[in-house]
Amino acid sequence: MIRPFITLAGFIALWWAMAAYGGVPPYMLPSPQAVGAALWTQREYLATNAGVTLAEIAIGLTGGTILGALAALGVAASPVLQRWLLPVLVLSQAIPVFALAPLMVLWLGFGLTSKVAMAMLVIFFPVTANFLDGLRRTEAGWLDLARTMNAKPLYVLLRLRLPAALPALGSGLRVAAAVAPIGAILGEWVGASSGLGYVMLNANARIQPDLMFAALVVLMAIAIGLYVAVDKTLRRLLRWAPGS
Amino acid sequence: ASAQSFTLILDWFINPDHAPLFAAKYCGAFARAGLDVKLIAPTDPDVPPRLVAAGQADACLSYQPQLYLLVDQGLPLRRTGTLIDKPLNTLTALKQSGITKLADLKGRKIGYSVAGVETVLIGTMLKSVGLQLSDVTLVNVNFNLVTALQSREVDAVIGTFRTYEDIQLAQAGLEPVIFAPEDYGVPQADELILLSAESKLKAPALAGFLGALREGVAALEAEPEKMLALFLKDNPSLNDKLDIASWHALPPYFARDPAALDAARYTKYRDFMRAAGLIKKDLPLSAYAVQITA
Amino acid sequence: MPPPGIVIEGLCLRYAGESIFENLSVTLPGGRFSALLGPSGVGKTSLLRIIAGLEAPAAGRVYAEDNAPLAGRVAYMAQQDLLLPWASALNNVMLGATLRGEARDPQRAEALLHRVGLGHRLRALPATLSGGERQRVALARTLYEERPVVLMDEPFSALDAISRARIQELAAELLDQRTVLLITHDPLEACRLGHSLWVLAGNPATLGSPLTVPGAPPRAPDNNSVLHMQGELLRRLAALSPA
Amino acid sequence: MIRPFITLAGFIALWWAMAAYGGVPPYMLPSPQAVGAALWTQREYLATNAGVTLAEIAIGLTGGTILGALAALGVAASPVLQRWLLPVLVLSQAIPVFALAPLMVLWLGFGLTSKVAMAMLVIFFPVTANFLDGLRRTEAGWLDLARTMNAKPLYVLLRLRLPAALPALGSGLRVAAAVAPIGAILGEWVGASSGLGYVMLNANARIQPDLMFAALVVLMAIAIGLYVAVDKTLRRLLRWAPGS
Amino acid sequence: MPPPGIVIEGLCLRYAGESIFENLSVTLPGGRFSALLGPSGVGKTSLLRIIAGLEAPAAGRVYAEDNAPLAGRVAYMAQQDLLLPWASALNNVMLGATLRGEARDPQRAEALLHRVGLGHRLRALPATLSGGERQRVALARTLYEERPVVLMDEPFSALDAISRARIQELAAELLDQRTVLLITHDPLEACRLGHSLWVLAGNPATLGSPLTVPGAPPRAPDNNSVLHMQGELLRRLAALSPA
């Protein structure tokens, strides 16, 4: 229980050393003290905006996971879908945010929807790709068994391949949990007036490194919390799989 | 009757450049005009005009050079107002790097944020002192102009504002050497203008908005400190030395009559853009700028 | 429709150019136990998989004597137990119903698990079962299917002598009147359960003429004809396998 | 061999329909014809810049994969490293590019290095996370066997857990291949004077949507090509694993 | 250092509250074959795993008679073959050397594979081997280790009668003078190979007094004492298992 705090202390010490002696000027890397001060004085502002980002992360992660899982199941269920959907999924990952942002706003407006959509776009792919890989890697013996049982493809997918692929889905979820915060930040790119991403972009544009890093610290706390929560949950749920 | 909603997309994050808009709100001008004005800050200054053209908002803030590019590409947009009617943009170097006159930039690195027209601006400015674009190295430093300059990654940057970054550099104890484009062969331009979609030019809300904005400028001039206090209350994260200094430096640059159109200035700048090859068409004034009368 | 005989006609199988068997033809009698013996690696599992429709032969075909398709009438128990690690013993037994989207019959599954001696481990995950227990769950899963044709690949190999004898009797009872093909390495087992015994041997492998054991299975281990047949079978196996 | 072209044709038809009848104005989504024209007239400009981006992708993907694989191996090899490195790895994913860009430039300059570093940062995490999951999921029986064999932990890691985790590494590589192009584009974000990301930023600012989408098309072609190449290679290499 | 005897002292094992065995004590004689029999699920594998140091008992301990640590002197062949799917038969046999970072001895590995009848499948991947072939590779892997103590869990269960007899002889030859504990379900096998035969049975399980078979293994299957012991063993097993 005490270890995270040692890590944290070490981290801050390193940061402090880098800021103080590393030749990194404060406008690039403000000192921990300055950031701590910003954290304290701007706590309400940060808390409000963190709430917004948290909501985006929560919705984005849930939506992205559901979407990614469905996409993987769809692709796994039907070779036709695979042929058509998979390239689109891959392509979706290659579109830079500034190409997509105007279209998102055009279709979804400036509200939460467009932000969540962007976040989901970032989150869903690791889920899809990993889950799909898992679905494809079903033990051949089980599939043979299912064949002799006259199994229906749908049930084979849902009751055999799906549970067998859960550890792979878990890997995807872990990656998704780690990229979810950046997904939400990218979502705020489409035009926001609140959220940690907005705070950071704003502070960055107005050269307020201490505020920017304060927001970054909050974001990272969210990221670590999220990852740990997802990791713990997965280990609990997948106790039958080795190494969990 | 309930107030009519009017959405304005800003050019960038909320900053003291937008003071007249806030002043118009604080002095009740928007309410008197029957408008419920919503301000939205984008993260990318290139996006707002497209959204306005697509009907997602009633107006947006943009820059005069940008206007020509937009209209040349066929976007149904018009300049309908002016927020800042003098250039703010500068080419800035640091005295510390031994640059005192523009010609000293020969062989140096110049940083910029991609906005489309930088190369032409720099080229024009260099030409006025007998240099060419090939005499310098251009580096895209994206949104980190000041940092790039401070860390000496580049020797000069273009795109800094005399009412913001140049103040900031001075506050950081550096000695900025400032070159204004209009002193080196670039025509005068409005820095911050208001764009609306062609289809919404006749909307009474727009005229009302411009009228209210004019009241805002006057209110700001009358009670700058009171307006500043309200502004900082609304935007507590702007409560710092730099933004307050900027707030005080800006008033001379605001357009007294936002609706007024300086036709000669717009035509001259169009010729400049055309000569530089940035636009392909000989756009008539009415194709890109109008004066709205209430 | 009574359990059909299975006709194997001119079957050839090759892996990577090497011939496993060539032109194998035989008819497994309907409603009877056939036991298949033969040296390790001769091709018994491969033959079973072809009959189950899991592998395509290089030539030849397999069909039911009644000419109706075999698919859907076969229950198959592989050499590995193939239990799903996340499912309880009970759910593993009912896997077929689950995968067909049919209503499951937990009572029957429970009864089967009781019969194979696992009534106290209904909810156990496969990882907590011993080797022999896993095999018995796999057997219960096969019996749960209630198919007219049952193919079993060394189904009792992980059981001790006593459990084995008991489970053999269970299989004989529950699979009575079915068409059963049973791969086994235990001559005694073959003689106790089989109506006809086949020996697959040689390279490429061929099937000798079947030995027929009189009397209804399960026969007592010390039954005279069982002892006699066992001796005969061992002689055949010994003669057929390379020195 | 003909299927990809059908997909492509379908895709272009959809695009064309959306541009022509979908109420999407051409300055947001130019018509396929306009983009095709831009592709042709600007082919040299695009090719040169695509070359730059390709180089960044290649180096970033190679470096990111090596780094990610090493990180996963390190974490898997030593519980101490795991305790210290894993949180840092997770955190690294939550840092938005605009927070990191100035530091990158300060440390690595405006050259290729800073771009490759940014690209690697995006690429290495899916590799690490997936590979690590795979390394942790080694069949318990094998580890028992290794124990009775008096195996050295290092060799167990390299000769047993590593090959067993290759399919999981493969999943990670597939995700990495899909995000590599965006990684390179993000790299160019830190300040570039060439590359497809630069072309896009520039075209975006100059309101040349046809050129921007032409660059996007090139980027997507790279993305698909990369994904297919990685996928094919992995299937070839992992033939022993089920479903490959 | 001659192969040590193994002392098992007061061993208790419980899973999820259920007791598998309590206070089990026995000494396996050094340099000899011990065969362990018992009903499925009684705890044989668990006992073997405790001796191999793979499982921790709830109480009691296991140590070598010479008091040197057992770790590093034990070769263990599990009930599953545990072959690495990406490695050839040959590389699987040499796995121990690979994992210890030692120089590998392909000649010896090849010779072992030849001895178990797989000389023609040296480069085959496990997926292309039959069940019995896989088991033989696992046996070769165990023999390759050349350890003084060898623990084997049903090592010949997937082999046909003839191959089994041959491999039993091979094991007897190569493991002569080692301390061997062999779990088997085949009473004949136990009697052919074992110097002492133990039966684990009951709930919680207990070990009866050992049966000692005279003569050096491998004994001929029709050897008189083998036949006699086999009968005795079957009686014991039948008596000990629940009705």
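To keep things simple, chains are lettered A, B, C, D and E as they appear, and every chain counts its residues starting from 1.
In this section, a contact is a pair of C-beta atoms (placed from the backbone, for glycine too) under 8 Å apart; a residue touches a chain by one contact, two chains touch by 3 or more.
In UniProt terms the chains read A, D = Putative hydroxymethylpyrimidine transport system permease protein; C, E = Putative hydroxymethylpyrimidine transport system ATP-binding protein.
Predicted model, so just to flag it, every value in this text is computed and none were measured.
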item: Touching chain C and also chain D, the following chains; value: A, E
item: Most heavily contacting chain pair (counted by C-beta pairs in contact); value: A-D
item: Centre-to-centre distance between chain E and chain A (centres being mean Cα positions), rounded to whole Å; value: 50
item: Interchain centroid distance [CA atoms averaged], chain C/chain E, Å; value: 27
item: Computed distance of Cα centres, chain D from chain A, in Å; value: 16
item: Junction residues of chain E, two or more chains touched; value: 80
item: Chain D, residues touching no fewer than two other chains; value: 28, 98, 102, 106, 139, 201, 204, 241
item: Overlap residues in chain B, where contacts from two or more other chains coincide; value: 46, 50, 54, 143, 147, 151
item: Those chain pairs that satisfy the touch definition; value: A-B, A-C, A-D, B-D, C-E, D-E
item: Chain D residues touching chain B - in the complex, by the definition given at the top; value: 25-28, 98, 101-102, 105-106, 109-110, 189-193, 198, 201-202, 204-209
item: Residue numbers on chain D that touch chain E, as the complex places them; value: 139, 141-142, 144-152, 154-156, 159-160, 163-164, 166, 240-241
item: Chain E residues within the chain D interface of the complex; value: 49, 52-54, 71-72, 74-76, 78, 80, 82, 84-87, 95-96, 98-101, 125, 127, 145
item: Touch list for chain E against partner chain C, complex; value: 15-16, 37-41, 44-45, 79-80, 117, 128-133, 136, 153-154, 157-164, 185-187, 234, 237-238, 241
item: Chain A partner contacts - residues on chain B that touch it in the complex; value: 9, 12-15, 39-44, 46-47, 50-51, 54, 56, 143, 146-147, 150-151, 168, 172, 236-238, 240, 242-243
